[in-house]
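Listed after this line are the structures, all set down as structure tokens.
There are two complexes below, and they share chain A, which is joined by chain B in the first and by chain C in the second.
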Partner chain A sequence: MTSISVAGSAIGPAPYIYVTTRMRVRKSKLLPREEYLRMLNMSLPEITRIIEESQYKAEIDELSQSFSGIDLVEVALSWNLAKEYQKILAITPGRLRIFLQTYLRSWDIQNVLTILRGKSQGMRVGKIKEILIPAGSLDRITLDRLLGEESPERVVEALKGKRLYPVVEKEFPAAHESGSYAHMENELYKAYYADLIETAQAGVKGGRAFLEYIQLEIDIRNLQVAFRLRQGPIPEDAREMFIEGGEVKPDELVRLAVAEASDELIETLQQRVGAETLGGLIDQIRGDAPIHAIENALTHLRLDKMTRISKRHVFSIVTILDYLERKRFEVINLRALARGKESNLPTERIQSYLVI
Partner chain B sequence: MALTDVKPTRSELINLKKKIKLSERGYNILKMKRDGLILEFFKVLEDAKEIRGEMLEKYDRAFEMVALANTVEGAIGVKAAAMAVKESPTLDLKKKNIMGVVVPDIESQAVRKTLAERGYGVLGTTSVIDETATAFEELVDAIINAAQMETTMKRLLDEIESTKRRVNALEFKVIPELKEAGDFIKMRLDEMERDELVRLKKIKAKNA
Partner chain C sequence: MAVETMSVEVAEASARGLVAIGAGLAVGMAGLATAIAQYGIGTAAVGATAENKDIFGLVLVLTVIPETIVIFGLVVALLLLF
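So, the complex of A and B:
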């Protein structure tokens, strides 16, 4: 506890050194690539046993009364992720905590949208609750309170005072009337990234590295959307689907998405992330690789870039974010392994979806 | 028609002849209809086989995609994306006529949706959800097509069956019975004519 109180001081580099050191220790405990490759050759019961015997044991034991089989594994993994994020928030002091809270708000967006959609469709509270992952700033108690509200309108009212409220309040009437929360979802993510940029530019220590990473994340996410939009007819409001704040502007992204050939889009990607880091990805895209392979490759790229930034700025927020993302992908990979084995997908196919 | 019920009169014979003619004409028409329906049925059968094959392929693809989506996004992510869809597909049932058989003509609406119409945002999901949604939309379309085809087939089969029964009834029961009744009347009339002739001869011989 002494170390936490030391870290609680917002003055000087101490909080950064304290939290980033703890994150590095935690990161070293994550499953290595070799372990995933070993698990790929295992059967589902063997994978489940490994998960049960690892750091996820507590959640498996806790949830075994309510869930069973593969659902138990998936929910336990999500709960572990949520708890881990909450623990990190608890040990993070001062401004760093604000950084983190802002970054983890994407989980709040996901949870609030799930509650609104569930309430709009008249789903049972228990069913909606199963889909929530309280890894953001809205904890389980707050989410339970939102779930307890009678109608979507009441849920919106209950959000008053929260950071999401202005966008939700503005977008809710149209979304509720049309029954589609897609526009609200996109607007919430855009506001989320705008907040992240604002926080990074607030003149705090580590802000520059944070901004560098956030802009990269925005660009990669926008490029993923551009590749995705190319798969079908481009919607009229395509511009609305891109996030402001990256180096590549939304208008340019729309132009690249509607262009007949993907060459310009690839060129933009090369310019943005550096041709040398793309490696085989360019050949994959040119060779008509499936969209998920492109998305996966871009996610790899983002994580690699993030690790590089974190190595350049060792005692910065990016080191913490690097761990948060790596942890998230550990959960995603374990879930993919378990679900993939359950569905009898070929090993190579499961491997193509792993981020390792 | 029991022969005991038949009145052996000339007018009855004329009526019977009319009935036989009508039955034979009806028999020929129904036979032609049956043959036409069978031809139509085989045409529909070919299409139905193809559509059913497509449907099964799409079913496999859809379930493969949902397995992939569960792998990539987790069941939680898939359920959350599924909750985003509010507008359900609607079906408009019309009728069309194939050789007098009323078969359904189904028009579907809001089955295939664009990315914008699906209700989930692009920024919170991945392309696997798009591909899964597309696979299921294609499956629903294929099921509607298959339902239309298979109902058409069932109706055609029912109609072929009932036409075949009518043709058989005319060929093996109605027309032979009418002909038998006609023959009976003819025989009775001839007999009555011969009786009359003998009677007249006898009267003539008595008077002579």
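So, the complex of A and C:
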């Protein structure tokens, strides 16, 4: 509370209070569960109209010249998400911004991989561009430049000097040859999480809450992979698929993934997140719930746990991340709803894919 | 050792002085407490208003609530002085 402003740096906790209050107000404007349930019973034009009348209006108006129908909804949702993230980055001061920038780098991974995959499959530039979400450190202009490159090799070259480059350069030849970027993706995420942990542990104030959240995210992600691995034969390099840095170690996860019964896996999950938060999830896992339902339940668990952490560290980065993630899932839900309705999927099926 | 004695006038004067210091402390410290309270509330109020302009009236009221602390200080100071 006593530090003094030096050349734009933060003064005491005031910026934290300011930004987290704004995030809380924004979070309260997100669509509530009832609204999704109402939308599930609507037709596609009605859903589109609701989206148009909500906070996505500006993007819908802006893009209505170039796109129409379901594509318009989808692109508008992605644009809105990217814009929202950039706006939040702009109002976030000091250390919080450093944490946030590091966290948002996951979008760079997603965008670069999308471009590489699209390019190696010979997709149209316009089509790739539609699904990019420039919410990370690579902005729209940089991504456009990457898209303009002729081949995946050139894209990798153009990344020189960026944070992702060392891993991309190392993994690209093998990935390009085999045509599968899965291994590269794993390596990129591993480097990303190692980076996040390093930033959180750098001794900067507020890092503890950040670290707590990152470890939760790593653990939930790893457990999702473990559940996924149980669906089929376990590959030899299963250990490499898990990310280091969480509370549950990769060796333990491999053992759990190959175990006959899922009881042990559930037990680990219970220990990690606390039995009281699991609730109905255990029944879902014990029963023969489809993998997407389990993943959804785990995501739900992560979001709930995240909200809990954000309530404990009220004026911290976690409150901001809590909003960012919930916003992301709002966009994912709306997209699933619109796409599902367009493909005439039954309501129950669409609902099982929503994180609400 | 000689014991210094204080004349009645001097004693009265220093008593008045101490009362004045007490009154000053009552207002000053209450003012500081108010400032600390308003610091957090004011920041949150600005953040909330930036997102939703309609609540400006409400957050303004919330921001001035800590003023009561300094009023208590003022009342104590006035009681001391008069």
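Here is the rule we go by: the second predicted complex is superposed on the first by the 347 of 356 C-alpha atoms of A that agree within 3 Å, B and C clash if a C-alpha of one lies under 4 Å from a C-alpha of the other, contacts with A are read in each partner's own complex, and residues count from 1 in each chain.
What we mean here is this: contacts are C-beta pairs under 8 Å (C-beta built on N, C-alpha and C of every residue); 3 or more make two chains touch, one makes a residue touch a chain.
Values in this document were obtained by computation on a predicted structure and should not be read as measured data.
Peer 1: Which of the two partners, first being chain B and second being chain C, lies in contact with A:Arg22: first, second, both, or neither?
Peer 2: Touch partner of A:Arg22: chain C, not chain B.
Peer 1: Which of the two partners, first being chain B and second being chain C, lies in contact with A:Ile243: first, second, both, or neither?
Peer 2: first
Peer 1: Under the stated touch criterion, which partner chain does A:Arg335 make contact with: chain B (first), chain C (second), both, or neither?
Peer 2: After superposition on chain A, A:Arg335 lies in contact with chain B alone.
Peer 1: Once the structures are superposed on A, label A:Trp79 by its partner contacts, choosing first (chain B), second (chain C), both or neither.
Peer 2: The answer is neither, since A:Trp79 touches no partner chain.
Peer 1: I'd like to know which partner A:Tyr56 touches here: chain B for first, chain C for second, both or neither.
Peer 2: neither
Peer 1: Is A:Gln110 touching anything from chain B or chain C once the two structures are fitted on A? First, second, both or neither.
Peer 2: first
Peer 1: In this superposition, which partner touches a larger number of chain A residues, chain B or chain C?
Peer 2: Comparing chain B with chain C, the partner touching more chain A residues is B.
Peer 1: Just checking: does A:Tyr323 make contact with chain B only, chain C only, both, or neither of them? Give me first, second, both or neither.
Peer 2: neither
Peer 1: Hey, which residues of chain A end up touching chain C in the complex?
Peer 2: My answer: residues 1, 13-14, 17-22, 25-26.
Peer 1: Any idea which chain C residues touch chain A in the complex?
Peer 2: 36, 39-40, 43-44, 46-48, 50-52
Peer 1: For the complex, which residues does chain A have touching chain B?
Peer 2: So the residues of chain A in touch with chain B come to 70-71, 74-75, 78, 109-110, 113-114, 117-118, 120-121, 123, 130-131, 133, 179-186, 189-190, 221, 224-225, 227-229, 231-233, 235-237, 241, 243, 291-292, 295, 332, 335-336, 339-340, 343, 345, 349-350, 353.
Peer 1: For chain B, which residues count as touching chain A in their complex?
Peer 2: 67-68, 70-72, 74-76, 79-80, 83-84, 86-87, 114-124, 126-128, 130-131
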